[in-house]
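Next come two complexes built around subunit A: one with subunit B, the other with subunit C.
So, the complex of A and B:
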């Protein structure tokens, strides 16, 4: 009996030293930083409700910071907040707010420096210059956060999720609004951006630079200053996203510049000034997308090559396609165009005469933008009709040989 | 003067053409607005119809009416009434009934079926177009002696403003596209009431962004309230100038 008790005691004391301890943190009783300093790797810091006016909180151990009822960590508009330099840290359930603004350092709510397997989830990041800032970090998981800021211009603001030189990230179910770019990727590879909602950001909802082999799907980009930009990357997969009302002088649903070997499928583009803008893109498959009520559904510069546009629906767009040259090395097939007025005598569901998606007025406005003043003039309607009968100016290589008679069901 | 206006408009309200015009406008408006649940699209179609039909019908009908009532005018001028008063009363009576036709035909369905600011602008546009093209008709009536020639000129005027002017504008833009022509273009547009009302209407709809896309000046001038005020003021000139010129000419005209 005695021996058994002894063994149990020894076992339990052994176990307790290896098990994670939970350290309670209350406002006013020892700072978060001092508790982190006391903790050992694997501990859980349970931060209770209240306001903590701390800054530059360095997490250099494998800890879990857990907030109860969203305790507030306030940077008083002067400082940066969490800096994570250890792998496998988890931060959840905190309200991280009011970082400072500085042109010397990028002030962030949570900054990850050279780490991996960090989880940032279920946090409220309010009025931070940068929400979550990743630098040379890998296998990190950022989910379910709400990032809200009130950026006014591009100069004094930061990004919701900012990732630089990272890889294998997962950014999921976040709501980002009011930052400069909702999500910013520079030199980030093999990452996934899923189910995020990025609205009313000053510049781009999502910004890709030099980031290859990434996937983004089921995201919503609404009302951003300039939509979404994907530049200088390859192997990007964009599936099932919604691009809505990116409306303004320089707004795009997606801006593609120097992209190759990518896929754009099952996306919905509604009410964007330009739904897809392409420049220097190669071998992109654009399929099963829905283009509704955009100013230009697509602007394809002549520098694009070997892109395939198939099985898309084009409806109620002011201009279906615009281009700046006569050369066209891309393929259009089996799209549905609401402006197509051909016929289908052999009943194979595709029209018997090709559809030319570039209207003459689109060509003219592309050459001389000032002619936009005649938009919706009776004259331009007549010109479009005449050109249909006697084509002479529109690029004749840009055509859909098999236009669909009926809309694709893309639901 | 008031009595003349009363008789002219009463005479016109019994006119079959005006009644058909009203009914047609009403049918088109209700049809277009009900066809699509997106009212801004319906507004665009109605705008196209207004821009095409209102000037043509106003100027043609007005010219024919003025020439037909020349005997009535001569009879009135035999009385101790000022020439100006007779002419302006004729114009006012005609404009009153045509505007009423437009207001009932397009305005009423718009008020009932939509709740947009743009709808109001469309109605104002249609009324201003009616006013200015009736003014032009009056000018044609004063300047021409012959009814046939007058009607011919009326048709040419309507075609010129709805089609030919834009063609010339396009040619101008094309030939001078290497120069900064934004400002002259904004000036030139003021020379055509139909273009003015088209732009005024587009500014109310969100497609105006497409215009801003092409140049900073368009965006700055046309995208702001200044742009709308500019367009309206120019339209008012298009109403006033033909009226003033025709009264001056009519005073000296040998009837």
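So, the complex of A and C:
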């Protein structure tokens, strides 16, 4: 009996001393920083509703910061806000707003420096230069945040999610708008970008630089200044994304430059000036995509090799493919082209004569851009017909030998 | 007769003015870099090239301009290069061969050239001191 009581007492005393405490934080009663300093690793800081005018809040131990009804942490357009230097920190349910604007330091709502397993979720990041800024950080989880800024009027604008020299990140279900680039990756590997909505950012919805073996899928990139750019990277998988209305002189659904061994599948490209622009890209598989109502569905520079374009739908694009070379080292097969007017006598569902996706006018405007002014004139129709009978200008190795008679069902 | 001379004089003047080579202002957030195709947004690192024929090319990074010059052999006596100054956006563009450069990862420029341009070595001093790096001239920029 005695032994039993003893054991129970010991058990409970251990339990109570090891159990994470919850510390309540109210506005005006001790700062968030002073409560962090008092807390020990594993504690939960419950931040209650109100406005906290604090800045450079350093989280250097394993804490969970939890907001109740979105308490406001305000940087008054002068300061940076949270700086996380400990692993396994969680920040959720806060409204983190108005960081400073500076050309010397990158002011961020939440800055992660050399950490891993940090979770940033369900926050509102409003009018911050950078929303979440990761440097040398791994296995972090950024989900369900709303990041809103007005970078257009700023000289020192920043990105929604900015990651540098990081790896194994998951960026999921965020809504990002009004930043310079929605999501920016530089030297980031083995990361996933899933189900985010990135709209009306000043430059790119998503921007990859020197980042390899990453996946982005089921994202929506709408109305960004220049669409999405994937540059100087390899092993990037892009699946199931929507690229809509990225419109302008230098705007692209996807801009691919110097990238190789990647996949672009099951994406939807609607109403972009150029849906896919490729320069210096090798061994990319472009399959099962839908290209609707774009200016150019694809502009492929002569520096591209061994790319395969198959089983895509091309509909109502002004130009299906444009190129400045012959592109004989790339393959087109089994695509559906709405401009194809061939026949299928053997009823094998593919046309019996090849389709040449580069129209004569695409070649001419590529060489002399101002001739666009005559597009859709009577003259160009005549040229089109003549070229069909006597091909002389269009690159004749560039053709789809098995054009589909019916649209692919990609839904 | 006099009016006719005037008209001719004005016409000649207009022609002369329109032939003068000049920089084209960069429309930030719209214009694309001639080398890397990225949209130019960062006013601290922009650059512009004026060729012998008087054409202008815009760049988002000094590194892009150098690469472009190398690839296209734009090296005549009349070719002039301009760079944005790192510290003052309103100060306008500097002549590249008169500017002073610093290179450090600290600047994190759009294409990783990491060059910042300054009007004089005095203006670059506090940064070169705090980053402990030496100033460079235009021909050392790569």
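Operating definition for what follows: the second predicted complex is superposed on the first by the 397 of 411 C-alpha atoms of A that agree within 3 Å, B and C clash if a C-alpha of one lies under 4 Å from a C-alpha of the other, contacts with A are read in each partner's own complex, and residues count from 1 in each chain.
Basically, a residue touches a chain if its C-beta (ideal position, glycine included) is under 8 Å from a C-beta of that chain, and two chains touch if they have at least 3 such contacts.
What you see is a predicted model, and the numbers here were worked out from it, not measured in a lab.
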Could you tell me whether subunit B and subunit C fit or clash when both sit on subunit A in the superposition?
-> fit
Of the partners subunit B and subunit C, which touch A:368 in the superposed model: first, second, both, neither?
-> first
With the two complexes superposed on chain A, say which partner A:229 touches: subunit B (first), subunit C (second), both, or neither.
-> second
Look at A:279 in the shared chain and tell me whether it touches subunit B only, subunit C only, both, or neither; answer first, second, both or neither.
-> second
Contacts of A:202 with subunit B and subunit C, given as first, second, both or neither = second
Counting only touches as set out at the top, which of subunit B and subunit C does A:103 meet: first, second, both, neither?
-> second
Should A:247 be classified as contacting the first partner (subunit B), the second (subunit C), both, or neither?
-> first
Could you look at A:379 and tell me whether it touches subunit B, subunit C, both or neither (first, second, both, neither)?
-> first
How many degrees apart are subunit B and subunit C as seen from subunit A, counting from C-alpha centres and rounding to the nearest 10?
-> 70
Please work out whether A:180 is in contact with subunit B alone, subunit C alone, both, or neither, and reply first, second, both or neither.
-> second
State whether A:257 touches subunit B only (first), subunit C only (second), both chains, or neither.
-> second
Minimum C-alpha spacing, chains overlaid - subunit B and subunit C, in Å = 9
Footprint intersection on subunit A (subunit B / subunit C) at 248-249
If you look only at subunit B, which of its residues touch subunit A in the complex?
-> 41, 44, 47-48, 51-52, 162-163, 166-167, 169-170, 173-174, 177, 181-182, 185-186, 189, 195, 198-199, 202, 206-207, 209-215, 218-219
Counting only contacts in the complex, subunit C reaches subunit A at residues 29-32, 36-39, 41, 43-44, 89, 112
Residue set of subunit A touching subunit B in the complex reads 247-249, 271, 273, 295, 316, 318, 364-365, 367-380, 382
Subunit A residues touching subunit C in their complex are 103, 152, 155, 157, 180, 202-204, 209-210, 225-226, 229, 231, 248-250, 255, 257, 277, 279
